[in-house]
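The following block contains the structure, expressed as structure tokens.
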Amino acid sequence: MIRKCSLTKLNDFFAAIAGDKTLYIPASDGAGGAVYKKWDSNTQYLDVLNTVKSPKDFFFPHTEDLMEFKVKGKNIELLDIRQESEDFVVFGVRPCDVKSFDILDRVFLSEPVDSYYASRREHGIIISLACSKPSETCFCTTFDIDPTEPEGDISAWKTDDALYLRANTEKGEALMALVEHLTEECDDAPVVAQKQNVKKILDKLPLAGLKLDVFGKGKTEELFDDPAWDTLSEACLGCGTCTFVCPTCQCYDIKDFDTGNGVIRYRCWDSCMFSEFTKMAHGNPRLTQKERFRQRFMHKLVYYPDNNDGLFSCVGCGRCLAKCPVSMNIAKVMKKLGGEK
Amino acid sequence: MNNRPETLIPVIGVITDVRIDTPDVKTFRVVTPDGKKAFDHKPGQCAMLSIPGVGEAMFSITSSPTNTEFMEFSIKKCGCVTDWLHQAEVGQQLTIRGPYGRPFPVDDEFAGKDLLFIAGGIGLAPLRSVINYCRHYRDRYGEIDIVYGSRSSADLVDYQEIIEEWTKDTGVRVHLTIDNPEEGWDGHVGFVPSYVKELSFETNKTAIICGPPIMIKFTLDAMIEMGFAKEQVYTTMELRMKCGVGKCGRCNIGSKYVCKDGPVFRCDELSELPDEY
Amino acid sequence: MQVNKYRPLIVAFCCNWCSYAGADLAGNNRLNYPADVKIIRVPCSCRVNPSFVLRAFQRGADGVIICGCHPGDCHYTSGNYYTRRRMALLFSMLDYLGIERERTRLEWVSAAEGAKFAATMNDFAEQVAALGENKRLEDLRCKR
Amino acid sequence: MQKINRDVLIDRAISLLNSGQVSSVLGWRQGEFFYDVTPAVFTDENDIRENFVWNDFCGANFSKYLVSKTKASDGKILVFLKPCDTYSFNQLLTEHRFDREKVYVIGIPCEGMVDTGKLKAQVGDGLVSAQSTEEGLLVTTLYSDEPVNVDIKSVLAERCINCKSKKHVAYDELLGDEGQIEDSDRFDEVARIEAMSPDERFAFWQGELSRCIRCNACRDVCPACTCEKCVFDNPVSGVENKAPVNSFEEKMFHIIRAFHVAGRCTDCGECSRVCPQNIPLHLLNRKFIKDINGFYGEYQAGECVGSRAPLVDYNLEDLEASDVFEGRDTQ
């Protein structure tokens, strides 16, 4: 059942949710991009396709403190500083990003469950938002994601005059109850119309024909020694831009910070593109940028599917296409290895 | 929240004994502050040891699971954490979490077999727990041969235990070798791979190899030449690790994570993986 | 008596060949300077990497002062000339980022200038105390 | 529109390649879209004909690639350098980062490069094609029925609007006309920030730097950042970190990075170009350049090979650190 909320009441809609739970919405970052900001009455909703950083931050933050130690002489005291997450709502998550949560879940919620992630995941409520204007960098359909039919606790469609909402889960139903007075039952004709319009655009997208044939489960042997890796990786700077804007990259580092009166053990995102990612006391199994570059794409296109029933670890959000300093990205890798270019 | 289990949160351990094995290897005995063993493990499994502020690193547990009182770790001095550990004294606390990884199949594939252990240098550390486990349950296995080589006699880890215990067991033969001749050494001199060939073992044995990558490579070549199949040979790997449970994403060889799918691999499994270790 | 009066933490990088001895002399002459000044001895003022200054702030310093030999008197001939350029640029950059310019200082203090050392430290400590706690270059983790 | 046509570059590249004078060509490779060109090493004539591009989107500065590519190659490498790239080229030579003998430089004039972010802001998302015209670009998008005419000046990258020089300071061969050192307003923005109150300056930089995600793209692309091992990657340096844990770490990284390249930074602007968060990092580097010019006399890094960078030089009469703020009393 679909309900609609007039866009003139959008702020009331946000206020109603924020009155009960912390709400995050996409807003301007002041530099031409978008970022999820905690809503208050001054926060202006920004209708953009993608935020610069993906919403994986909500469940797997860029940095987080894991535990603390107090060291006295030879003795160590361990402080478990974990706190159960509070309920929060994220509004405007695009269908590709919603799918990325499933990909992260399979890593963090598999045994042994990552309690930091699990706590936030259980308390997070996602209001997804269907895409009405895909960008030329979009290729989510390659991974069987329908940008007009987003998953999430509540699915939303935004037209010129209204926000259409459909609860998909119990959490979503409960949230819908909060905004019942601002919404009304309606038929889904405008949503259907929008879907049809977007489908037409999808066919025109430059990356619409991207193929996955040569990737997936069990393709390590065919792809690992492909000579194309040399040319593909030659421009790579070894920075972490692709990794850090990626909604599905999940590698992390655990580091200690000595504050002078204790030690904080924290976790932060790490990138397989960094030179010291696999460096050990006795050497490094991935010595050049080629190996590191290969690792990132093999992980997304072969290793992850190997371990997760063929599911790819890419959702086609296009962030890396837009942000790579040398414009080398997964689409080019897929085409080249697929023999297209 | 605090009732959710979390593998990244360690327990406190105390070093109760430090044994100097070789000029750069020390063996640390670790228990919890109340004197118990921190957790049970299987032969070949590893644990994450850390010194807050210095770092955390994965070490194989050298003591046998049959030892229910404490755990031992033989550690070579080669990086930040190991440097720090080497200057630690008895009574020093550290943190420990585990056990991690797939153990040696001591109760399945190994059962009833003749076993051939081949180790080089600090490579004996992960094998020691298996060797002692097999010695403990001596009747479950056939003959045991142990080939162990090091740079010099001073670099032989656990020399005392080898001489005083292992060599005295029935059905256990120990073959020691060192790289270069030295005064007072009347044992074998030469590299491990060629010594293995010289000893010309029956090819019905199950072999377990650990040592420097180059030693493993040449020994494996030698054994294949002797007629061993890759399916008979096991080894244990090491790559940089942070989480220990296949999530932090750095210890993979192809789609296998050394921390959870390994560290023990059968050589035929290993040869199916890309050459990136 | 006022309790809990705010006392700034000051880190002073002192060249081994001049101001470190100057501090000694100040002590021998029973000249007072604030106990809040923590001296770090360096072989030459030019040993002070800009990251040392930032690290001092991170670890809770409210002011950082670098003391070296007078121009022309460097034990290594020219170290302090490099320091002069580096610190001029660093201080200017910190100011550009909106960090109070009174929190940093470079002074030339010779081994014979015990009185100047004490006076400089008194003056600097007062200047920093007037600014209050360092909030703009702090690392909250270090204040837990 | 660029003054030199792509075909001229291709012809020169192929003739040098075929004559054996060079063994490879460092150039821009066509991407999936019209704007996403990738730096690439070409060795094949057909590859060059098909995929070599030269247009308003070839922003990448190749100088730094020469450090690794000359090491990996036995033969000479042909490299195309825009005027601003030649400054980085000279600076790297000054620092002995590669063998000049292994490089053949063709200088090409540059009319400025387009900032795709600005273009998207103007014509909207869904860029499909762009055609260079005399005055600008004719852009089509997924959502516009008619091509949109875009004034090139309105979408040029900041570094190109404030271009410091169209003169090539290093080349073996020059295609087209030599340009001049330009009168640029590149320090205006620095001066504007200097004129703010400290509180405003602090708020400005806090806002900008807080977006940093520590991807290290600015460092990895910077032609002046050629350390084998960066302090921020070195666990024993004491400042190693790979995460923007808090506002201190963000400042620490950017101050120290700017300081490390102070006096060696040629102001090529790559750091700001690659920043995924659009942090105006060039404003940190330009502050140092402006200060150096003001305190120690005009200095342009990379203008000539072998010049002594201001931070490894001194004058007996240098300004005292305490005099830095003289005449600048904005408090």
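We call the chains A, B, C and D, going by the order they appear; numbering starts again at 1 in every chain.
One rule holds in what follows: a residue touches a chain if its C-beta (ideal position, glycine included) is under 8 Å from a C-beta of that chain, and two chains touch if they have at least 3 such contacts.
What you see is a predicted model; the values in this text were computed from it and never measured.
J.: What's the overlap between the neighbours of chain C and those of chain D?
T.: A chain counts here if it touches both chain C and chain D, which gives A.
J.: In terms of Cα-based centroids, which chain occupies the most central position?
T.: A
J.: Which whole number of Å gives the spacing of the CA centres of chain B and chain C?
T.: 52
J.: Return the distance between the CA-based centres of chain A and chain D, expressed in whole Å.
T.: Their C-alpha centroids are separated by 30 Å.
J.: Rounded to the nearest whole Å, what is the centre-to-centre distance of chain A and chain B, using the mean of the C-alpha atoms as each centre?
T.: For chain A versus chain B, the centre distance works out to 40 Å.
J.: Averaged over CA atoms, how far is the centre of chain A from the centre of chain C? Could you give it in whole Å?
T.: Here the centre of chain C sits 46 Å away from the centre of chain A.
J.: I need the residues of chain A touching at least two other chains; which ones are they?
T.: In chain A, the residues touching two or more other chains are 253, 257, 270.
J.: So which bits of chain C are touching at least two other chains?
T.: Touching at least two other chains: 141.
J.: What parts of chain B, by residue number, touch at least two of the other chains?
T.: Touching at least two other chains: 80.
J.: Residue numbers of chain C touching chain A in their complex, please.
T.: Listed in rising order, the residues of chain C that touch chain A are 59-60, 141-142, 144.
J.: Quick one: in the complex, what on chain D touches chain C?
T.: Touch residues, chain D against chain C: 190, 193-194, 198-206, 231, 238-239, 245-246, 248-249, 251-252, 255-256, 258-259, 262, 284, 287-288, 291-292, 295-296, 310-316, 318-322, 324-325.
J.: What residues of chain D sit close enough to touch chain A in their complex?
T.: Interface residues on chain D, with respect to chain A: 31-33, 36-41, 60, 65, 117, 121, 125-128, 142-143, 207-208, 211, 213-217, 219-221, 233, 241-245, 273-274, 276-279.
J.: Residue numbers of chain B touching chain A in their complex, please.
T.: The touching residues are 1-2, 4-12, 50, 52-56, 78-80, 82, 89, 91-95, 238-240, 242-243, 245, 247-252, 254-255, 272-274, 276-277.
J.: What part of chain A is in contact with chain D in the complex they form?
T.: Those in contact with chain D are residues 29-33, 35, 49, 52-53, 62-63, 133-137, 201, 204-207, 231, 234-235, 237-241, 243-245, 253, 255, 257, 266, 268-271, 274-276, 321, 323, 325-329, 331-332, 335.
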